[in-house]
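Accompanying notes for the structure given below.
For reference, chains read A, B, C and D in written order, and residue numbers begin at 1 within each chain.
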Amino acid sequence: MHDRPSDITKIHFVASEAPEAQAAFERLTARYGQVRPEEAEVIVALGGDGLMLQTLHQHMCHSVPIYGMNRGSIGFLMNEYHEDDLLERLEQAEMSVIHPLRMKVRDRESVTHEALAINEVSIFRLTYQAAKLRILVDGQLRMDEMMCDGVLVATPAGSTAYNLSVYGPILPINAPLLALTPISPFRPRRWRGALLSNEAHVRIEVLEPEKRPVAAVADHTEFRHAVRVDVHEARSIGLKLMFDPGHALDERILAEQFRY
Amino acid sequence: MHDRPSDITKIHFVASEAPEAQAAFERLTARYGQVRPEEAEVIVALGGDGLMLQTLHQHMCHSVPIYGMNRGSIGFLMNEYHEDDLLERLEQAEMSVIHPLRMKVRDRESVTHEALAINEVSIFRLTYQAAKLRILVDGQLRMDEMMCDGVLVATPAGSTAYNLSVYGPILPINAPLLALTPISPFRPRRWRGALLSNEAHVRIEVLEPEKRPVAAVADHTEFRHAVRVDVHEARSIGLKLMFDPGHALDERILAEQFRY
Amino acid sequence: MHDRPSDITKIHFVASEAPEAQAAFERLTARYGQVRPEEAEVIVALGGDGLMLQTLHQHMCHSVPIYGMNRGSIGFLMNEYHEDDLLERLEQAEMSVIHPLRMKVRDRESVTHEALAINEVSIFRLTYQAAKLRILVDGQLRMDEMMCDGVLVATPAGSTAYNLSVYGPILPINAPLLALTPISPFRPRRWRGALLSNEAHVRIEVLEPEKRPVAAVADHTEFRHAVRVDVHEARSIGLKLMFDPGHALDERILAEQFRY
Amino acid sequence: MHDRPSDITKIHFVASEAPEAQAAFERLTARYGQVRPEEAEVIVALGGDGLMLQTLHQHMCHSVPIYGMNRGSIGFLMNEYHEDDLLERLEQAEMSVIHPLRMKVRDRESVTHEALAINEVSIFRLTYQAAKLRILVDGQLRMDEMMCDGVLVATPAGSTAYNLSVYGPILPINAPLLALTPISPFRPRRWRGALLSNEAHVRIEVLEPEKRPVAAVADHTEFRHAVRVDVHEARSIGLKLMFDPGHALDERILAEQFRY
């Protein structure tokens, strides 16, 4: 009831480089103050989805919730921008918890790289040569050989991002699923992808990696010359996004499915 | 081994009208006997998916499991046909439990009809006039007006049936989802449908039902001149399908997603 | 200007049954007169695309051009509705000439039926049983067996109608092509159809017509229990549609391709 | 009849680097001789479609016909490989003449580059930032702003290549059309592309080229940091491909449309 921890006063603001995000940052820090991220009860991100992804990545190890206000071109993860009533909105906001994907990449030097992805892990050709990929799910061979621009594994939160552009389905935010979606498949040319359990371990093996080099990308973190990529959901990490009531991520994704 | 309850001896066989299904029925009842359905420990269905659907509908109130063997043209729900080893196969079979959809239809005489669907509930125009439909999910208007041949709501088990023909996504058998998929949408012409929680209540309202009559169909049970159709999952009813090890419904649907 | 033949004075008006079309009919015939169709220099159709199709069919044997004004729900073939300036608009209108399809249907009684289609010839299942169809192009077998709701052959003019709802491509009005597009294909489930030369002769053979009856439909003219359907363009028939400058059919179809 | 110019004796062989192409080159030149390209009546290309494209580009200014034999992984443009009867096959081969696209690229330094494309001209993002493109056809703005991986313009011959991977339609080889197809469109997310007259001039303008750099690619010739790309068919250039009877390009493309 009372003395609820949600009497938020300590805010850390971040902003994208866009002039209108920077201007908002000036006005809002002047009005509501600015604490260091370690002390913050909430991080308020000013920009578009690009900034939100970046902020989520940067604060993945803390458990501090993040509230975005849209000052960018695409704001699927952002609330409407208003300067007034920020404290009230933060107190009334609804929380959505999402889990990232963990990507492990082995490159042609046999070095292993690791990164987390909130939206998607994608594999993409590095030259005009089409990629030739093999797909295993839970250790079982499922796609022997696919020639394509690439393939991606998307979370429900990411299903409205790159996955949507390559004609993958939008997933309800609470669906225990991952979308495995081909990018410009050439052979087999009509494969549309698969919906997998969120407990699935997906392995992508790169065939002919010298002739057909690919990059493995976790959101925007890229590793070149991958030869094998493993992807699974990192259930132990929970990212907290805050949304104005009636506009939480489940409603946003549901509404997005009925847009046309 | 010892007295496990799975020492099945009481089988009720059913068969489709196809000659090869009838011939199989003769040979198998001669060999394994034939008990009445009320006494059966398992029902063995001989035919294709059409017969399986029919058998599931007929025995929905019992809890007796059903094992199909393929003697038809489409056998997604059927095991391979062999005459030998039937008892051993039944004992080793894996069980998949699926829930049907409950459809409630109000027609133009204000009469209410009810039926269950294992695969899908579909709404379809009765004349060459396109249907004009409105869609609500959990009481909330989601699609104001769609001109189309129709729309369907599919279960995961049904996602590989009519839903697949109209370009809906295949759902893993355990995904707590329903697929809402338009059939030949004219306006909005690019809407691809939505994946909904399996707890969703879907209501389809028929606009201009006199000029644009539609039928509501639960699997093959049709009610004409529907004006309102309500659909939700009947969680209280669990249908038991038996599959040979390694070929249970989850694996079948997963494999189906990688077919091309 | 001077006595160009385009000094149109003899108009035959037709209208759909919709109240606003009927009201327009009253006002326009009062203002511009009404001649019999045989005497008309132009037919002015008041309604939507449905009326336009009907009018085109009714006057297919004359060579009188038709000018539509939109008083209906879908007006792709219609000009904007204004009551003033009609004579000037008719004189300045641009003409698009389109060719219909000729459909020849053989039914289960071996009776042959014939009809013309401006938009499309479609084959569609008559019961819940999926149709099983075979497709030949210019006498050559191209699709051995397709299980589906049906299939259609669309003209460029019709490519924005039913063809578009079933995900067929929009064709430029002058493209010498026909679109052959499956309707809810079940097997082969990923076939997307073909673009054929407008000189192609398409034959659809209905397999298992007793178990799986289908109708053959030319626009809205339906023949039930078809067992074989032949379709080709009737080049000898040219239908004249009139459009306000800058809004002729080629521009409309091009613009339609960039809608989303 | 007799002394037809088609008594081919002067062949120039080319081969890809693949071992089996190189081995074929050794055997065939030993058997049929090898003349310089300038003297050749026909060029025989040994490899896959990649080599064929390269060979067509290299000899675009001559009018010498090219006959391919498949020693590669994808051989849509290639005939079957046999070592015997080559002269007879060359004499009986059917000719398909295709026209390339001419691409003019202006880059961020205002330098203009030009290249020809047999399959397609594609525009593609150079970094993870989505491209933002504007599309004009014949000087008229048709797509104000599209966020995407890119876009392509394909010839009928190229419609079965990259265009097919990004879900563009296959075009009959003689259709006077070009396919304009989006690559992973993010906004407008459901635009499927357009079929344009082969006389169309397509202009792609790159928006925010500093933040969102793109490459313009004609088949495999790439120019980076394009800010404007113009594409139209080069009718004056006719490339001659030779195919065994019954397997010419029109038949190949028609057959490809019925594959699934």
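Keep this in mind: contacts are C-beta pairs under 8 Å (C-beta built on N, C-alpha and C of every residue); 3 or more make two chains touch, one makes a residue touch a chain.
In UniProt terms the chains read A, B, C, D = NAD kinase.
Predicted model, so just to flag it, every value in this text is computed and none were measured.
Superposition of subunit A (NAD kinase) on subunit D (NAD kinase) using C-alpha atoms only gives a rotation of 180 degrees, nearest 5. Where subunit A (NAD kinase) touches subunit B (NAD kinase), the two copies mostly use the same residue numbers: shared numbers make up over half of all numbers in play.
In terms of residue-numbered contacts, C-D and A-B present the same interface, as over half of their contact pairs agree; the other options in B-C, A-B or A-D do not.
The mean-CA centres of subunit B (NAD kinase) and subunit C (NAD kinase) are about 37 angstrom from one another, to the nearest whole unit. Averaging C-alpha coordinates per chain places the centre of subunit A (NAD kinase) 47 Å away from that of subunit C (NAD kinase).
Contacts with at least two other chains are made by residues 189-190, 192, 260 of subunit A (NAD kinase). Contact residues on subunit C (NAD kinase) toward subunit D (NAD kinase) in their complex (touch as defined above): 135, 137, 142-143, 169-172, 174-177, 188-197, 254-255, 257-258, 260.
Taken in their complex, subunit A (NAD kinase) has these residues touching subunit D (NAD kinase): 74, 128, 148-149, 162, 164-167, 183-187, 189-190, 217, 220, 222, 260.
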